[in-house]
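Each of the two complexes below includes chain A, the first together with chain B, the second together with chain C.
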Partner chain A sequence: MTGHAEARTPETNKVRAIVRACRLISRMNRLRPDVTRSENLYYQMLSDYFTRLLDARNNGDFIAAHTVFFPAELLYAMDLVPMHTETTTWMTSLFTGECSDLLEAGSALGLASEICTPHRGLAGAFSLGAVPRPDVMLWSNMVCDNTAKSGELIMELAHCPGFFIDHPFKDSPEEKQYLVGELEDMVVFLEEHSGRKMNWDRLSEIVARMDRQVQLTREVNELRKSVPSPFGSRRFLELVTMDYLFPGQPAAIEYLETLKQELSDMVAQGKGAVARERFRLMSLFIPPMYLTGFLEKVSQEFGAVSVVEPFFTFWGEGRLDPAHPLESVAQKSYMLPEMRMYGPLDDRALDAITSCAREYRIDGAIYYADVGCRHTCATIKLFKDTLSEVDVPVLTLDCDVVDPTLTSQDEIREKLERFFELLEDR
Partner chain B sequence: MKTAGIDIGSLTTKAVVLGDDGAVFSATASTGDDRGQAARQTLQAALAEAGSGLGEDLYLVSTGAGGRALAFSQLQKAITTCLARGIHHQLPSTRMVIDIGAESCTVVKLNHRGRVDDWASHDKCAAGTGIFLQQMSRLMQLSLEEMSVLSRRAKGRADITSTCAVFAESDAISHVHRDPPTPTEDIIAGIYHSVVSRIVSLCKRVGIEKDVAVAGGVALNEGIVRALSEAVGFAVIVPEDPRITAAVGAAVLARESMEKGMS
Partner chain C sequence: MREGTQTSKTRLPALERLREINRAFPDAEQLRELKRSGGRIFGWLCTYTPEEVIHAAGILPVRIVGYPQETDLDDGTAYLYVNSCSFSRSCFQLAIRGQYDFLDGVVGGSTCDGVRRLFDLWRHYMDTPFYHVLNIPRKYTEKAHRLYYDEVLKFKAHLEDWLGQGISDDSLLDSVHLYNESRRLLRELYDLRRVDAPAVTGAETLEVMNASFRMPKETFNQWLQELLSEIKLSVRAHANRVRVMVVGSVLTNADFIRSIEEVGGLVVADELCTGTRYWGDPVVLDGKTPLLEAISRRYLGNFPCARMYPSDERFNRIIQTAHDFRVDGVISQNIRYCVPYCHDLPLLTQRLKAEGKPTLALDVEYGTAGSGQIRTRVQAFLEMLEARKR
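The block that comes next holds the complex of A and B.
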């Protein structure tokens, strides 16, 4: 079977849709003088990532599907083709506007409508054959029970072997060492199934770049503290994607260095992401993907910019050491911005939001309360109370990250308008 | 120049003209199919109350479900902002206002200046709204007033869910058809409890703080107000005309905007 023949079959149509959308956006962006080089790089990177996945079978590559917050550095070091499962569902929603067929297929498998839509959609995608069949499925208990169970289901649906990483939540030397052991076992599993050996030198290089990547993200965040903030709300996903899809990859370094330079220039010129910055916002959890364009329009209209996302782009302290690559990969998983929220809910989470509120001069916070994510929604009250202590009002927006049927655009707009009025009227 | 506010709800349109001394002149009418027409007529009636007419210079702020579509208002404001300003004008000691409208319920927490501190609303289900009470009144074959009076005589309370209006209706029907049937007054007490428990959970999301006022058409239902007071543990207060609170707020905001423009 040729790659092109396979691309015409239903198996790869969602990935193909993403690739087509990325290429189209890249083409359109070339005609727009306001589009930055970093944006162009981003769409090129997405296009390359999903094209590699689309062509993997034809190229004789080994596809390793993995869930979110998974150390994809190891896959790159072994020259395997990674498929970030949740991001594939998100991107389907982002670039095609919806993924109702995937959600319906997930429901048909018996998954209740209350279950996290990226996972329900994932199961649907695999049952429909709408994404390539992986050679192995890799998953962990990061970040929730849903992820832990989802990986198992995908393994069954895709009829492939799988490996589950038991990720300890506590951050202690013993727990980290346990995680290193888990990673070592996974490497053995991957070597057995792929027939490829781990390239430890390459892994060291990747870890060195990942360390640089984290540093660059921190520097970008520093620039976002400027008033007005130079980084637009809709680009939040770009920063997240850098780690999810491209950990320690040269393209990620190029993107971040380019972005940093662009933002530095804007700060030097006193330029902001919106024409007149009125409200500096903190974003908690993930805005609905299918509303990215709409939310950007609202952001421009009201001068409201998300300047910090404590649990998605705000990395924890620590450095990575290429001399100890596996230990560094384990260390990185404890530095993940999300780990503050999804690990043991201790003062790290609360300290992060209060310090971010002060340092980024936040006027208000928007909590995108994804109804399917009980893990996240459980923290609404806690975070709201904490932010109220530093006089930051919080808007809780009930929504779903990929399913547009839960909340209408009008309803979200009305709530945002109310919130901006509240902020203005204080 | 006169200042006025108009709240175009899904069922009722309320208009308020603010006198120079802060006096409130109001009118209410059914919204019907033509919101623009209803707004014009209601405003005209309120202006007539104030001793003037539509021809005069007017600064109008609109709000409510149909507020945005009103072509002849100078400014549109969110219902939350209007409720806070309105209740502050009507009852300045209020720190939380519960607006129970026909199709939604909104709880607004406000500060001593009548500014919104926080709010919560539910608009996904008719449970806990005026429409739900109307449905129940039809089901019980009693007027809303009769239900309110009968609820005082309740000795018990029927279990009626607060999570879904349709399920709540099924619960009420099953109580009617029991053998022997649950006493009517106990069913009504159950219905009120169902409405109130949903509203109170909304209040708790933003934190209950005294004084608590109730606005919207449902605030005229003495039985609901009594049940709410019992649920929060103290007497909730009701402004003189709770239906017009948001419209009063819109009129206050119109005055503020006009004064800002003049300064």
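The block that comes next holds the complex of A and C.
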């Protein structure tokens, strides 16, 4: 099963497009005095990540494609080149405004329209040869059926072997040990296929930095509690990307330390991310990538700022121990903000949103109801009911995270305006 | 035999009794009677739930399903949103409207997004006295089997704790024998369709299956034995049909199968969790493996759902079944937003094609009777298969 468009589509065109966009933004940012150093670092990191991927074949590197919420620490420790598959679809949408060619190619493979667009798009990307062919495909069932089921088709399309991590549903000691066993098996798999050995000392260093990275993210979150909040809504993706693409990497530490300092300075000066903060928002799930700029304008116009994302930036409790690196990598997956959505949806998830609502002094919440994301949307009523107990209204915005054809900007703007009016009236 | 003609040599009284169970469920008199006499009933959400453990505790396990036909799901959608599969929404709507209030417990699992969210919301909004959710590994490795054994041990312990009494090995063994007997009889029923002119249709078989998880196995086994005897004594024969296998999402509406059989097909095999995957493999008692481990191994290693990895295990068993029952083609019916099956479709279609088995892929909603456009597409598919046979 292969695509037929390889001749007319350069093999790495999507990745190249992302690199070009990042470089262009970096150049433009140099002319803007208001752009912070952390933002410049972020775009440099993205550019470096995707450039490394672009150059991997020529450099004789081993490419390990992997799905979201995957322990890429292990790949860095083995000096393999990671390729975060969903982020590639996201970034394509973010930087090029759409990814219809990838979605169409995914549909042409026989993938139903109900399969979420990042996964349909990434199958399409492999079918078109629009991303580099990986040497291995790695995936897990974190955090939904789409991630659990996406790997085998990609193995077929990319003609590469693969490894599936079976992530336990709950967090008993037996299940945690099972996950460690899965990671051990994957290391053996990677050593066999890459010819490279796991560098356990390097993994310990990465785990130590990852622990610091989590701590720094928590400190950034603390600063976001300030009124006005110093961190702009559109930059939420930066925090998410730090873990997705750069877990335990020195660049991530530098970015987060820089960001923390910048936010501390702003808090000290009483400066906020928006000129006049009126509405403090909780974001439930991911805003559409292609609307990042538009949402930022609306945010500035109405003085609305997202100050917390319980399922994306709000880490669970726990520390990582470099003396037990593999166990720590497993432990990290249980601390991931998204993990609250994966296991049994009990008081942990519900308490997280109510405590966030109180601690961050939330006026309202926006639920980005991504039509392809079933396991999240099924919580909309439950979360609305839960947040109503702490007097926080919720706006549900039907959308798709990468496909702009589902909802129009006008429609979203109208809904947001009405929601802000409601908040104003309160 | 013409469809709909019932003579003394074609009537199946035992089937009528089983149909009556289905007609009333979940508001069934025999369930009400059981409750009145102090009995307990648990609902389970997925075929990975080890029913024997519930049964051995003296509790009647019944499968939670949705409405028998496609219907408006306003309440289900209000709670689970429009992009949850219609099976989950249908089940939840029945629950929220009080149709499952008789349940003393609900057992779920981490099987798929639809079912785990159905369980989450059930636990939050309903007042069922007992809840348990099982972590069900997605692999068949030895480590996965050990983990699932541990999970089943915990489930048993939780149930014992709730009941305030233990579940003895003798009880468990009796339950295993009872359920294995049921599986053996269902295999016998399925094997009737291996022949050229089967005496039983796919729709009738699904009706039997539906009853199998809605009533006490003791009675069901007895009735099924009677049905098998009636079939053997009958002069029924469904000849000159295109032999079809149905695969994909959960399916309980026998009218969907009937609609295929009304336009020239005969569903001779399936890969449904309400069909073959329910009775699939027996619990193997080898005298060495602890009883509960034998149960857990059966459930994890049974004919797999699309959720499992590697998918080849599912594909290979579908292909083997297709060959065993000499099917001409395969109809894949996927409920919208049933993602595991949607993901498998491209690779499964490819594998079946290589085996000379064409596939018709249908996007459906749970409960569909297969009318309208679906019927037209099925008819065209069957005509194509018929033409290939000539």
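We adopt the following convention: the second predicted complex is superposed on the first by the 417 of 426 C-alpha atoms of A that agree within 3 Å, B and C clash if a C-alpha of one lies under 4 Å from a C-alpha of the other, contacts with A are read in each partner's own complex, and residues count from 1 in each chain.
The rule is simple: a contact is a pair of C-beta atoms (placed from the backbone, for glycine too) under 8 Å apart; a residue touches a chain by one contact, two chains touch by 3 or more.
Values in this document were obtained by computation on a predicted structure and should not be read as measured data.
Chemist: If you stack the two complexes on chain A, which partner ends up touching A:295: first (chain B), second (chain C), both, or neither?
Modeler: neither
Chemist: Identify which of chain B and chain C touches the larger number of residues of chain A.
Modeler: C
Chemist: Applying the touch criterion given at the start, work out whether A:103 contacts chain B, chain C, both or neither, answering first, second, both or neither.
Modeler: neither
Chemist: Let me test your reading of the model: by the given contact rule, A:150 touches which partner, first (chain B), second (chain C), both or neither?
Modeler: Only chain C; A:150 stays clear of chain B.
Chemist: Both chain B and chain C touch chain A; at which residues?
Modeler: 381
Chemist: Would you tell me which residues of chain C are touching chain A in their complex?
Modeler: Spelled out, the residues of chain C in touch with chain A are 78-85, 88, 110, 112-114, 116-117, 119-121, 123-124, 133, 135-139, 143-144, 147, 150, 154, 306-307, 309-311, 334, 336-340, 342-347, 349-350, 361, 363.
Chemist: Can you name the residues of chain B that touch chain A in the complex?
Modeler: Contact set of chain B toward chain A: 77-81, 115-120, 123, 205.
Chemist: In the complex formed with chain C, which residues of chain A make contact?
Modeler: Listed in rising order, the residues are 1, 109-112, 114-115, 141, 144-146, 148-150, 152-153, 156, 164, 166, 168-170, 172, 174-175, 178, 181-182, 344-346, 369, 371-375, 377-382.
Chemist: Give the list of chain A residues in touch with chain B in this complex.
Modeler: 381, 393-394, 396, 411, 414, 417-418, 421-422, 425-426
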